[in-house]
Amino acid sequence: MPVSDISYRKRFLTKDNVYLPHLVMIEKIIDETPDTRTFHFNFKDKGLREEFPFKSGQFGEYSIFGIGEAPFCISSSPTRYDRLEFTVRRVGSLTNALHRLSVGAEIGFRGPYGNGFPLDLLEDKNLVFVAGGIGLAPLRSLIWNVIDNRDKYKNIDIIYGVRSPADLCFKYDLKNWDKDKSINMVTTVDKGDKTWKGRVGFVPQVLEEVAPSADNAVAIACGPPIMIRFTFPVLAKLGFTPEQMITTLEKRMKCGIGKCGRCNIGNLYVCRDGPVFTYAQIKDFISDEY
Amino acid sequence: MAQDSEWEPKLVGFLCRWCSYAGADLAGTSRKKYPANIGIIKVPCSGRVDPLFILKALRLGFDGVLVSGCHPGECHYQTGNYRARRKIALTKKFLEYMGIDPRRLQASWISASEGGKFTEVTTQVTKELKEAGPNELFADDK
Amino acid sequence: MTNREAEQRLRDEAKSLLESAKVDYIVGFADGSLKFHTTPLITRNKDDVDHLVINPFMASNLAKFLTELEGRVGIVAKGCDSRSIVSLVQDNKVSREKVVIVGIPCRGMINLSKIEQLAGKESDEIDDITRQGDKVVVKLDGSEKEIPVKEVLFDHCLACELPTPKEYDLLIDEPIPATPDEEASQAKINKLEELSHHERWRFWQNEFSRCIRCYACRNVCPACYCQRCFVEEAEPQWILSIPKWQDNLIFQIIRNIHLAGRCTDCGECERACPVNIPLRSLSKEMYDLVGELFRFKSGMEIDAAPLLTHYELEEAEDFFR
Amino acid sequence: MNQKISKKDISKLLDELGKEFKVFSPSRESGVTTFAEWDGRDSSFLEWYRNTVISPKAQLQPLYEKMFSFHKDKEGYHLELPPPTDKKLIFGIRPCDAKALTIIDKTFQDTYQDPYYLDKRKNTLLVGLGCTNPYDSCFCTSLGLSPTQSSDVDLMLTDIGDEFLIEAVTDRGIKLIKKTSYLKEATKTDEAKAEEARRQASSKVTRRLDTEDLAKRLLSSFDDQDFWEKVSNKCISCGICTLLCPTCYCFDISDELVKKEGSRFRSGDSCAFPVYTKMPMENPRLEKWRRVRQKVCHKYEFYPMSFEVIACSGCGRCIRLCPVNWDITQILASLPVKVKA
């Protein structure tokens, strides 16, 4: 029986079957780096786009039928209705398969899941974005969101670091933000090359040099665990309290809705209670299991 | 196991690139017709053939597997086919113990110059597999 | 030597190994928290060695822990365990110099499932089980029942070729000669061999439809030391993680092929299985095949080359075309 | 007034119930005890049944189940859900296993309703059978349970010799009694016998677990790596204790594709496996002691933090079935921090 038959789906106690994905189409594929791609997608049932509410920082479960399902954040901003995007680095079986897709491919999507960034908490604050590698993806959604409501927020610092110049994601966005006079954009690489004229150094180190003020500020950090582990102490040194530090975490999330069990940090599930946390929420566990 | 007479077995051949694969090539170019039932996978050496390949082929529904390498003493890597021999011998006997018809796993030594032998072997193996019938080992209904 | 004397000697030796810093760890058996069970004791603390025991319930193969522990290890080993250690040394997974093998001559381990079947009660309901020579005395509801020991030993113990370790640093008691009863040990396998191919495959299909993929068989096995098992490979994914009988069966077939020349017939896989799959009927068959085809016995000769890295110029040719 | 039924009539009762429900009762298949569909076989399980290796949870969250199937044609993918579940009745569930279901209900109802589990749960009646011969590995009484009484079932049976006393626990239970033959009114003597049976059964559960301040003690012990290394060293990281635990519910989701027809399945998963948390680039619980700590803390610290109930009903399977006799009650008794508030 086809799934579109609502009466059939209503046989369940609850609303709909949360595990059943929507069908979405890949509309455009952008090569970010040699191993990272951004996919623009839209619902096959085009009407669903209008009904699809999401917040920056939320994620979805994307699946290729026959291969499997994995979580990725939505990397576009909810303020930009023309597109939905997610960004994937090629590291495992599903991400490899995603990279083999071409425009027009049909995949499964369920979501949005997770809490997203606390926009109300960020209003009238100075914002410090700290990102490493593909960790810029969720922050990018938030950054565009903030830029599209620029008057609600104060100063913006963006510190973005990658291993080498070839690893820079969203170069087209970086260019925009660099031009924007209301944003202090700092890009750094661990190791430069002949063409690189920007900074060289690890993110936490550069953050310490840039030394944004903690006064009326919130820092939002996302990147590989090793970067996060070293970034929080630097922020603390700069005067940020655990409540002023926000991060978004990545774990192996199979169900996305707090049931399958594997993404916990203590009693919190990253998929259900996160993926956005303040450092205050997770500091008891972070050095240990993240 | 009702089967119509039209049914043709499908088999996978893991052929060593230095000998049996060239042998198959030779059979083709010298028009020694061999059965179309065989799908050929080129491997660097018969020693590369992991028993997993064999099980995976059977799981995917192929009716048989042929592993073919260089004659003993002629391995491009000196010892690969000797090692293959131990592995394949154990696998064959063990699969038979599990209850898999021994005709479903076959092995041969075919050199690059033995195009004729390749035709003979694949013809014979195909015939045996036809006798063995379709592979329903992993079918779900009991 | 009485059992108590042997136990005392074991504790003394273990203590002196730790005290003299000849080893970092002692690995042996202690009484378990359930009746008639032992549990592995892995310790660096010399006070713990007083918990070491010797009894007919030391079923585990402790060689399993050698590939996990760092440093020098003094390990209590029955004959079969010693074979696993030798096999690990051959495979370069364990360095002989880092292991002090404390050999325990073994008269066979008691299979509680067999006792339960004969007694019609589960082991926690039984009052006492003692071994007296060739008999096992089971006390139950105030009465005593004598059972010939051969009826309650593990199948693999019946076929034991090495009751006393051949490779050891210390031997705790007098060596015991081997008296393998291959026929009794082989009963289940012989029955299977009488079946047709089709019937045998159906038999295994049925057995493996119960498998829950807990991987206890793999994880208790000293020879299954791979850091990453093929079942966990994602690219390519050889088998699914769903416990369907087809994939369960492939897992077990390949596992046994991987263990050719490593399996010492210690029977741990079958003992650990929570759903009673006769796994030894697979591993013993492979063990015998290795012996028949290549005259190789795993873990017997420490200088032997591992089975699958070695070959003879002429062998196992008959089915090659 | 409570009812009773003669043990001789149990087969007939199950036959009768079988007309309305898929009835599951204890069964021994190839030496493994489990709950299997009643097929009119004899009721000899009443003699040997203590508890099953495979818990009745498997009827609600099977070891693996199809979530939906998919196939592709010119128009793209089509997804199809499995057919609705049958009405089931589990006969003979022990109070510990019934409690376990109440415990995991919390997870499956939390935030998002889990349709697969809850659909089966809603359509399943539980007929409890008091436990008169607990294992030496059982410790249900330490978790506030009684081996013979339960509020987590629809009907509760207590062994009073040749008969079972039957109490209706829920409205569904009362309805069931009304349409069931073979029942008689229980007498005062029967009630007294049942009371005595309950008293005896409770005293047979001897294993203890001190749950006082347990979550707090675990929290204080969380960072004690030496302790966790020591208690985990003999663990072989197999999935027995988790996959067979009635309160463990973790699962994996994976696809199977054969030619163009495929299905998405979910199957039991275990925090004991290193791959459970493995991500392509890192694994937060690669070391064995972290996984053991997660298992213990999840059950006795994190779950109570989230749902105010310990995720354990003391069925003892994890102790009984462990190949190395790893014993959770011993581990918890040896926690380094023994704070008493």
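Chains here go by letter, A, B, C and D, matching the order in which they are written, and residues are numbered from 1 within each.
The rule we apply is simple: a contact is a pair of C-beta atoms (placed from the backbone, for glycine too) under 8 Å apart; a residue touches a chain by one contact, two chains touch by 3 or more.
This one's a predicted model, so the numbers in the text were calculated from it and none came from an experiment.
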Legend entry - Pair of chains with maximal C-beta contact number: A-D
Inset, instruction - Go ahead and note the Å separation of the Cα centroids belonging to chain A and chain C. - result: 49
Inset, instruction - Could you tell me the distance, in whole angstrom, between the mean C-alpha positions of chain C and chain D? - result: 31
Inset, instruction - For chain A and chain D, let me know how many angstrom lie between their CA-based centres, rounded off. - result: 38
Legend entry - Where chain A touches two or more other chains at once, by residue number: 92
Legend entry - Residue numbers of chain D (touch at least two other chains): 252, 254, 256, 269
Legend entry - chain B, residues touching no fewer than two other chains: none
Legend entry - Touching chain combinations (by label order): A-C, A-D, B-C, C-D
Legend entry - Residues on chain D engaged by chain A in the complex (per definition of touch): 67-68, 70, 72, 76-81, 84, 107-108, 110-116, 118-119, 122, 222-223, 249-257, 262, 264, 266, 269, 271, 276-282, 284-285, 290, 294, 297-298, 301-303, 305-306
Legend entry - In the complex, chain C residues that touch chain D: 32-35, 37-42, 60, 64-65, 68, 113, 122, 124-125, 206-207, 210, 212-216, 218-220, 232, 240-244, 268, 271-272, 274-276
Inset, instruction - Using the touch definition up top, name the residues of chain A that touch chain D in the complex. - result: 1-3, 8-9, 11-15, 17-21, 23, 44, 63, 65-69, 91-92, 95, 106, 108, 224-225, 250-252, 254-255, 257-262, 264, 266-267, 272, 284, 288-290
Inset, instruction - Would you pull the chain C residues touching chain A in the complex into a rising list? - result: 234-235, 237
Inset, instruction - Would you tell me which residues of chain A are touching chain C in their complex? - result: 92-93, 96
